[in-house]
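My structure is below; once you've seen it, I'll send some questions.
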Amino acid sequence: MSDIKKFMFVNRKAPYGTIYALESLEVVLITAAFDQDVSLAFLDDGVYQLKKGQQTKGIETKNFSPTYRALEGYDVEKLYVEQESLEARGLTEADLLVDVTVLGSKEMGALMEQQDVVLSF
Amino acid sequence: MSDIKKFMFVNRKAPYGTIYALESLEVVLITAAFDQDVSLAFLDDGVYQLKKGQQTKGIETKNFSPTYRALEGYDVEKLYVEQESLEARGLTEADLLVDVTVLGSKEMGALMEQQDVVLSF
Amino acid sequence: MKFGIVVNEGPYQHQASDSAYLFCKAAIERGHEVWRVFFYHDGVNNATRLTEPPQDDRHIVNRWGKLAEEHKIDLVVCVAAALRRGIRDENLAQGFRISGLGQLVEAGIQTDRLVVFGD
Amino acid sequence: MKFGIVVNEGPYQHQASDSAYLFCKAAIERGHEVWRVFFYHDGVNNATRLTEPPQDDRHIVNRWGKLAEEHKIDLVVCVAAALRRGIRDENLAQGFRISGLGQLVEAGIQTDRLVVFGD
Amino acid sequence: MLHIINKSPLCHNALESCLRTVGSGDILLIEDAVYAATKGNAMEDRMRAAAGQIKVYVLLPDLEARGLADRIIDGIASVDYGGFVDLVAANKNCQSWL
Amino acid sequence: MLHIINKSPLCHNALESCLRTVGSGDILLIEDAVYAATKGNAMEDRMRAAAGQIKVYVLLPDLEARGLADRIIDGIASVDYGGFVDLVAANKNCQSWL
C-alpha cells in the first residue's frame, strides 16, 4: 500500500446527539497512521463539534473535544469549515477549539471534487 | 385495566426509509385490542405513509400500506391528516389510501392537547 | 407520580438511551416511581449482555440493569423488535425481560405519564 | 471496477443495509467486484447470527452471508463498534469477520470507489 | 401539554413542525435541539417570538455539553434533569417530536 | 463527482446543503430523498432550477415503493440499481450526504 490517496472526512452532525463525531475522529487518526492525505470538512451542525468550552459531566459522557487539538500531533492539519454554516449558527473562528481554514460553500464543494475518497459522518 | 385512555399515534416519518411507519401500525392494532380510544395523526412526511400505489417489489421489502385499509375492521377510524403537510407535498385527499379527516395545523395541535398518551413514530 | 419510559434507539449511536437513563434517575430522586421502561425498535439493543464498551466510557447496558435492580423497575424488551435484531434470552442482560407490545400499551394505561426517547 | 461499501446502520430500522445490499447485487450483475463491505457504527448489528425476522420478511443478515459466499466478498465488522453493541465471535453470523478500522481505510485505498450507506 | 424536541433546528424540521402546530403549553429543548436556544442561531428571531407566546425551556446539561450554556436567548429558561421531570409531571401529557 | 442524498427534502437539510455547496457533477436521490424528485413538492422549483445546472437522477425502485413513480419532475432522470452502479463508476468519486 504505497499509494497515497486524498481522504476527506465530511462532518455534518452535532456532537453527543449521535456518535458520528467521535467515530470520525477515530477513523481520521487511523487514516493518518496509514500515511494518507487527510482533510476534514465541517459543514452544517458539524461546525458545532469544534466549539470551545464543552462540559459533558452533566450528561455522563466523555468529552472528546480535546482530541481536535491533538490532531496536529498526528500531522492532520487540513481542517476546513464552511463559512455559511458558521454564520447560520452565530459562530466565528474565535469560538473554535483549533485553527481552521474557512471556506465559502462553493469553495468547499470544489475541494470535495478533488478527493479520492469521501467518508461522511 | 377497565379504564379507557385516549391514545394518539403521531406519524411524522416516510415509509420504508425507516421502520417507524410499520411499527406504528403494530402498536395501533394492539392498542385497539386493549379497547382504548385510538387516534392516528399524520404530519410532515408521515402523510406519505397513506399514499396510494406503493409498489415495493424493487426494494425487496414488504408493502404494508394495505394495512391502513384494514384499520376500520379493528374499529380504528380516527385518522387525522394535517392540511399544511399535504399541501407542501403536492398531495390531496384523492391521493390517499383511506378516508381521513383533514385538519389545519392549529386544529391538530388542539387535538393533541386532548390526549392522555401520545406515542411518536 | 408513576412514569413509563420508551427507548427507541440502541446504546451509544444516539443519545436517546442516555437521556432516558438520566431522566429516570432524576425522577426517582424526585420521589417518583419509574414503573416500566419499554425498549422498542433499535432500543432492544440496550439489552444485550455481550456489550463491552471502552474502559473510559459508560456501560449503558449495565447501568440500566443496576438502576432497575435498585429501584424495582420493569425493563421490558419488545419481542418482535428483538427477534429482528438478534436479541434473545441467550444474550439478554440481567434485569431485562422479553415480552410483547401489549406491555407498551399497558404502560400507557397504567402510568401517569409516558415519555418517549428516540431519534 | 473494484467497489468498497460502508454500512452505518443496523438491519430493519433504516433502509441503509437494504440499499447497500441491492447496490452490491447490481454491481456484481454489471461485472464489477465488491471487494469488501465494512459494517460500522450500528451497522455491526447486521452481523448477528441470532436474528430471526418474521417469516414473510427478508432475512437481512443471512442474505449478506449468502451474497458474500457466492461472490467472495469480505464482510468486515468494526471491532470497537461491535464491542460497544454486543457483537462478538460467539454471536457472529457466518460469512462475517471482526476486525479493526484499518480495514475501512484499506478499503478506501484498495478500491476504485467507496460508497457509504447510512442514516 | 409538554412538547419535547431533540433535533437540531437547522438540520431537521421537528421544531418548526411543533411551532406550526402548537398553540399553548410548554416546549422543552433537549439533546441536539438545545442549539435552538442559543443567541446568534438563525432560529433566534423565531424562538424569541415563540417564547413570547409559549414557555420555552432548555435542558442545561445538554447545552453545557455542547459548550453553549452562556448564550441562552433571554426568555428561555434552563432546567436540569430534575426540572425536566417536573415539567413532565406539571403538564397533563407530553409528546416527543422525534 | 456523484452526490448521493437519502434524506427527505422537507424534513432534513441534506439536499439543501448539497445544492448550496455543489457546483458541478451528478446528484442521485435515493431512499427518502426521492420525494424531492416529485411534482407538487415544495422543493419543485428548487429542483427544476438545479436540474438546469447539474444532472439530477432518482432511484426508481425507491420512488415506486413510495407510490410516486408517475410524478417525476421533467428533467430528472430515473435509474434502477444498475444505473446507480453506473453513476458511481462514471464519476471519479462519490459522497453520501448522510
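The letters A, B, C, D, E and F name the chains in turn, as written, and every chain counts its residues from 1.
Everything that follows uses one rule, which is that contacts are C-beta pairs under 8 Å (C-beta built on N, C-alpha and C of every residue); 3 or more make two chains touch, one makes a residue touch a chain.
If you're wondering where the values come from, they're calculated on a predicted model, not measured in any experiment.
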Neighbouring chains common to subunit D and subunit E, by label: A, B, C, F
Copy pair subunit C, subunit D: interface residue numbering same or different (half cut): same
Intercentroid distance (Cα basis), subunit E paired with subunit B, Å: 26
Whole-Å separation of chain centres (CA-atom averages), subunit E against subunit F: 32
Per-residue multi-chain contacts in subunit F, two or more chains: 6, 10-11, 13, 31-32, 61, 80, 93-94, 96, 98
Of all residues in subunit B, the ones touching two or more other chains: 12, 16-19, 44, 59, 61, 116-118, 120
Sites on subunit D at which at least two other chains make contact: 12-13, 15, 19, 22, 41, 57, 80, 114, 116, 118
Contact graph of the chains (line, ring, star, complete, other): other
Chains grouped in pairs wherever the two touch, ordered by label: A-C, A-D, A-E, A-F, B-C, B-D, B-E, B-F, C-D, C-E, D-F, E-F
Contacting residues of subunit D [partner subunit B, same complex]: 12-15, 18-19, 22, 56-58
Residues on subunit B engaged by subunit C in the complex (per definition of touch): 1, 3, 5, 7, 19-20, 23, 26-27, 30-31, 33-34, 36, 116-120
For the subunit D and subunit F complex, residues of the former touching the latter: 1, 3, 8, 15-16, 19, 22-23, 25-27, 29-30, 32, 112-119
Residues of subunit A that touch subunit E when the two form their complex: 12-18, 44-45, 48, 51-59, 61, 63, 65, 88-91
Interfacial residue positions of subunit F with respect to subunit D in the complex: 4, 6, 30-32, 61, 80-82, 84-86, 88-89, 93-94, 96, 98
